[in-house]
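Which chain is which? They are A, B, C and D, in the order written, and residues in each are numbered from 1.
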Amino acid sequence: MRFFSDNAAAACPQVLEALSEANRLDTAYDGDQWSARLDGAFSDLFGKPVRALWVTTGTAANCLGLAALCPPYGAILCHEFAHIEQDEAGAPGFFTGGAKLTLLQGEGAKVSPEAVEEACERVRPDVHQVQPAALSITNATEYGLIYTPEETAALGDFARSHGLGFHLDGARFANAVASTGASPADLSWRAGVDVMSFGFTKNGGMNAEALIFFRTELADEALVLRKRAGHLLSKGRYLAAQILAMLEGDVWLDNARAANAAAGALAKACGSRLVYPVQANELFVRMSAAEAASLKAQGFDFYDWGPNQVRLVTSWDQDLGAVARLAAAIDAL
Amino acid sequence: MRFFSDNAAAACPQVLEALSEANRLDTAYDGDQWSARLDGAFSDLFGKPVRALWVTTGTAANCLGLAALCPPYGAILCHEFAHIEQDEAGAPGFFTGGAKLTLLQGEGAKVSPEAVEEACERVRPDVHQVQPAALSITNATEYGLIYTPEETAALGDFARSHGLGFHLDGARFANAVASTGASPADLSWRAGVDVMSFGFTKNGGMNAEALIFFRTELADEALVLRKRAGHLLSKGRYLAAQILAMLEGDVWLDNARAANAAAGALAKACGSRLVYPVQANELFVRMSAAEAASLKAQGFDFYDWGPNQVRLVTSWDQDLGAVARLAAAIDAL
Amino acid sequence: MRFFSDNAAAACPQVLEALSEANRLDTAYDGDQWSARLDGAFSDLFGKPVRALWVTTGTAANCLGLAALCPPYGAILCHEFAHIEQDEAGAPGFFTGGAKLTLLQGEGAKVSPEAVEEACERVRPDVHQVQPAALSITNATEYGLIYTPEETAALGDFARSHGLGFHLDGARFANAVASTGASPADLSWRAGVDVMSFGFTKNGGMNAEALIFFRTELADEALVLRKRAGHLLSKGRYLAAQILAMLEGDVWLDNARAANAAAGALAKACGSRLVYPVQANELFVRMSAAEAASLKAQGFDFYDWGPNQVRLVTSWDQDLGAVARLAAAIDAL
Amino acid sequence: MRFFSDNAAAACPQVLEALSEANRLDTAYDGDQWSARLDGAFSDLFGKPVRALWVTTGTAANCLGLAALCPPYGAILCHEFAHIEQDEAGAPGFFTGGAKLTLLQGEGAKVSPEAVEEACERVRPDVHQVQPAALSITNATEYGLIYTPEETAALGDFARSHGLGFHLDGARFANAVASTGASPADLSWRAGVDVMSFGFTKNGGMNAEALIFFRTELADEALVLRKRAGHLLSKGRYLAAQILAMLEGDVWLDNARAANAAAGALAKACGSRLVYPVQANELFVRMSAAEAASLKAQGFDFYDWGPNQVRLVTSWDQDLGAVARLAAAIDAL
């Protein structure tokens, strides 16, 4: 019974079916009929003309987006626990040609306007110091917390008024939408986001992510960088088809709701063990090594996050029986 | 009736089936059971312990391989029509951190030891000039020609004796093996190749390529660069499974034989129109604009390669009826 | 008796004197009174408001200029014998973050509009190929030839009409001005040049070059890159003072005239041995190995340029007696 | 009366004289007789065979050294107030091709082995996180504190046992040697330092710094990078001559002693106002805005370091009368 990572889950049936349907001859790269529909599909979803590029990983989506916002000699402000800082092997530096990440602190990997402001004020505006060029946040955060539209907009206001590009790592954006009930637009461009990655793989996709440009004039350069970074697949239709299948009928939202619901059920059982409120599909739970070992002995698999802490992640296809059993087992500790 | 590019073809049924079988929960990234089998499968194929990494594009495979052989301040010798020079948007420079491509000439995009030697002799061994660090060839070449094991070994000898790494772009390596009847080993490491990309996508895969290190000590750094370049997919099992499915029962070789055979059938019809001998699955055919237009009017689709020249490419699933009809139509011109 | 390189010559007395005068406390970096005068001094010289940055090498000046004109994913068109291709160790790739040099051919290292046009026409305007972004020429060329204002303007017209930035490597710009009698303006911005390096070191400076932006809006980013590349000296006044000393009273022009005159005197002696007409301070001379050895035995030092060819370079301080002796010795061969 | 920065001071007379003596024809780049003596001179100073390269800035020296120790995908551990983090415009990222600075804390910009260890322990040894590759310290630190040989060796031991390269930013190394009375060897290679920058410019040079490789096998690649970064001056003899002049007769040490002594005299006057003990030539002094303004009104110039804090820096040529007057003025506040 796996609660290790939403990366480990299978792809959802709609994705498999879409791959099968797309399995015929068409134009290579992104010249096919599926890729051609991406801009329109996301423009509909966001209620605004956008440009949308498929890529295969969140790291590529994030870093192509950041490269569009930050020059080689600029700094990207982000939380010290941001995925781009912790888990992308320095890819932001690679894609931007050397940009620096300036790290912010805040509970649950959430960034506040105050933290951004303080960081900006520490920088002398001269050629000796690296000047901030972009702000990046993750929603849902790496600790499963949610930025509301208002919180996002406060950051967006700061970014715009200080000339910073605003990037959103949306590896679990679907979970944030499902959790807040807010519209995709309110959680992104209406709050000032310039470019975002929109995750599908953790949410039931096979290997497709979308990079969305709300500032559409940035997309042409990103197309070049995508190719230059080896991310222009020759049979791109298999990525576009996955994404379209998950957008259709709001599969993406249903999947996220299912994952969130499973997390919610576990949250009740965890009670005061929870390090953070559970707002998406991740739980960080205080637990002694002996307790964790006992759960593992009962067949539950999860990540040992640190001393006396474990991480539980639920997926779109989380078995509800397993969820109930884990909840009971935690209760019984 | 499509003779445009082998990139346009569908994936073969074994690949679709493999994706379906792999569609269950497993460890993320390359920690899954399919990825774990890659090294062994390719070691068997090549008769030597190798390290094998999946990636999604030939550009990524080539450039990760080149980055392992060439420092940022080195030069990669390659043909002026090499894919890495013509069609990868400067990706070799991006992945290596700035390495230069030194361009060689030669018929049909083939590189000769003499051309390599001349290029090396033109370089003064001082800090002012960029020193050659690697040699890269493509087999089958961008013009559908084949390097024999002997030809490859002559280049390999030169490379080794001059301290150059030796890279093979094997986007159509399967076609070269099928065409020569030589073993994969004789066309690669026994001829001195250090690292190669082994193409599957053009040959019936969906979006999987293999990067093979014969100098296995180079693979660990490539793993880091793969992640850093955003090419470590979170559900890598779907790539590994494609590759394993095509290795099993020599699907890769059967597919390439089929594509080569279709090209051979067309070659007969083209006769003296051929710009190069047809040794793999590409044909470059002299043809007036009027003739090309006439063929297109009959429903044949292909690439206008240049003034009075067209390119025909055959795929693993090329319809034999369409091949016969195109042959007849060319004959009738 | 040295005819090896103008890099080998001493600094002229005005430069030494200026260093001595600048040898007092002032503000660090480029905040001093000498640096503050550079923009004005060059604006006067060029008859137009320009921005001028000191750097210590021609490579830095060229590559900071090119980085202002060409993105990491662009191509710089230049002659195959250009200094930026042959003698800067790949620095253009380093400073631009990976830009490619597309090489042109032409007699005496001169670039023609036709060659530029052909190179541009070979590039498909898609994401697979590296798109041209800038044109770079050297005046005087690496073979001592001169572009006239008209020739420069023809290239400038092509560049502007095709959206290419136009860079001039002016390591020996002074020699070109002295040779043509044209104004600095006619040989640069009036002919469409956007940015140029203006060499002083080969012409009697100690270690100072100027980077001139005619498109002044490009200079602010170059200031950042100069610092980032370690080229912002903490006591920059010693560079600015050298340059100002050579601008004052046209020392730069007198020095170049002296070097050109010495070359002219040798040119007469060389007659039909000359590979190219002598228009600046370099001579490429046909000469057998035995002849070259004989001259060296007589105490003349120079560069063996290739089989049966030598290069002679004259400097601002070339001893006229030595010039006469070399002329006589060549005559006597 | 200037206490702003040792960068603002004049060059010492021995340097001017050396430039004058070197002002004659010699071989270009680093082929001259002065450059040829550098390795030997520093090998004598350090009591061990070393390789020494001249460069013009501390940023270039630091970053070429770091590039020799850290791959593009590695991390350099340094203090959060290190010059390479705060004042080099991201140059470490540029020279290394994207390496990351991992920031450590500690009083007075000093790094402790414990801080280094903690930082290393936070890194998971996988491809997702950037792995530490080098440790960099500054002696004297950016706050004027000194590492003793023992403190340096403790860090060197950690570095060696954890496979980290060890870099020393010695912009004010002379001040550290003068302050500790330790030998250059004890403060560098005997304590495990692999490569260091040895500053001359702040200590009475004009524009010359030395990059010293104790691991001499790293120097050849640095020679290439120096050229590639535009830092190979064509008349390098003027840099080498400066350095040799300051090494001869221990001018470098006398200059540093003079600067340290001036700082010591001020330290007495500052008493409990001092934020850190004064161990080299910098003082950080608590002072209200009104007090600072009063001093400035009396003709003293210095840097407002932060709220209620100023920085005083003394130079090799600090006027002792001015020092006495400033000491008295502080006393009188």
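Following the convention adopted for this analysis, a residue touches a chain if its C-beta (ideal position, glycine included) is under 8 Å from a C-beta of that chain, and two chains touch if they have at least 3 such contacts.
Nothing here was measured: the structure is a model prediction, and the numbers come from that model.
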Chain pair with more C-beta contacts, A-C versus A-D: A-D
Distance-maximising chain from chain A - centres being C-alpha averages: C
Length of the line joining the C-alpha centres of chain A and chain C, rounded to whole Å: 50
Separation of chain A from chain D, taking each centre as the mean of its C-alpha atoms, in whole Å: 42
For chain C, residues contacting two or more additional chains: 72-73, 88-90, 94, 97-98, 127-128, 224, 227-228, 232
Chain B-touching residues of chain A, taken from the complex the two chains share: 2, 4-5, 7-11, 16, 19-20, 23-29, 55-61, 63-64, 88-91, 94-95, 201-202, 206-207, 224, 227-235, 238-239
Interface residues, chain D side, partner chain A - complex: 72-73, 75, 86-90, 93-94, 97-101, 103, 127-130
Residues of chain B defined as touching chain D within the complex: 71-73, 97-98, 127-128, 221, 223-228, 232
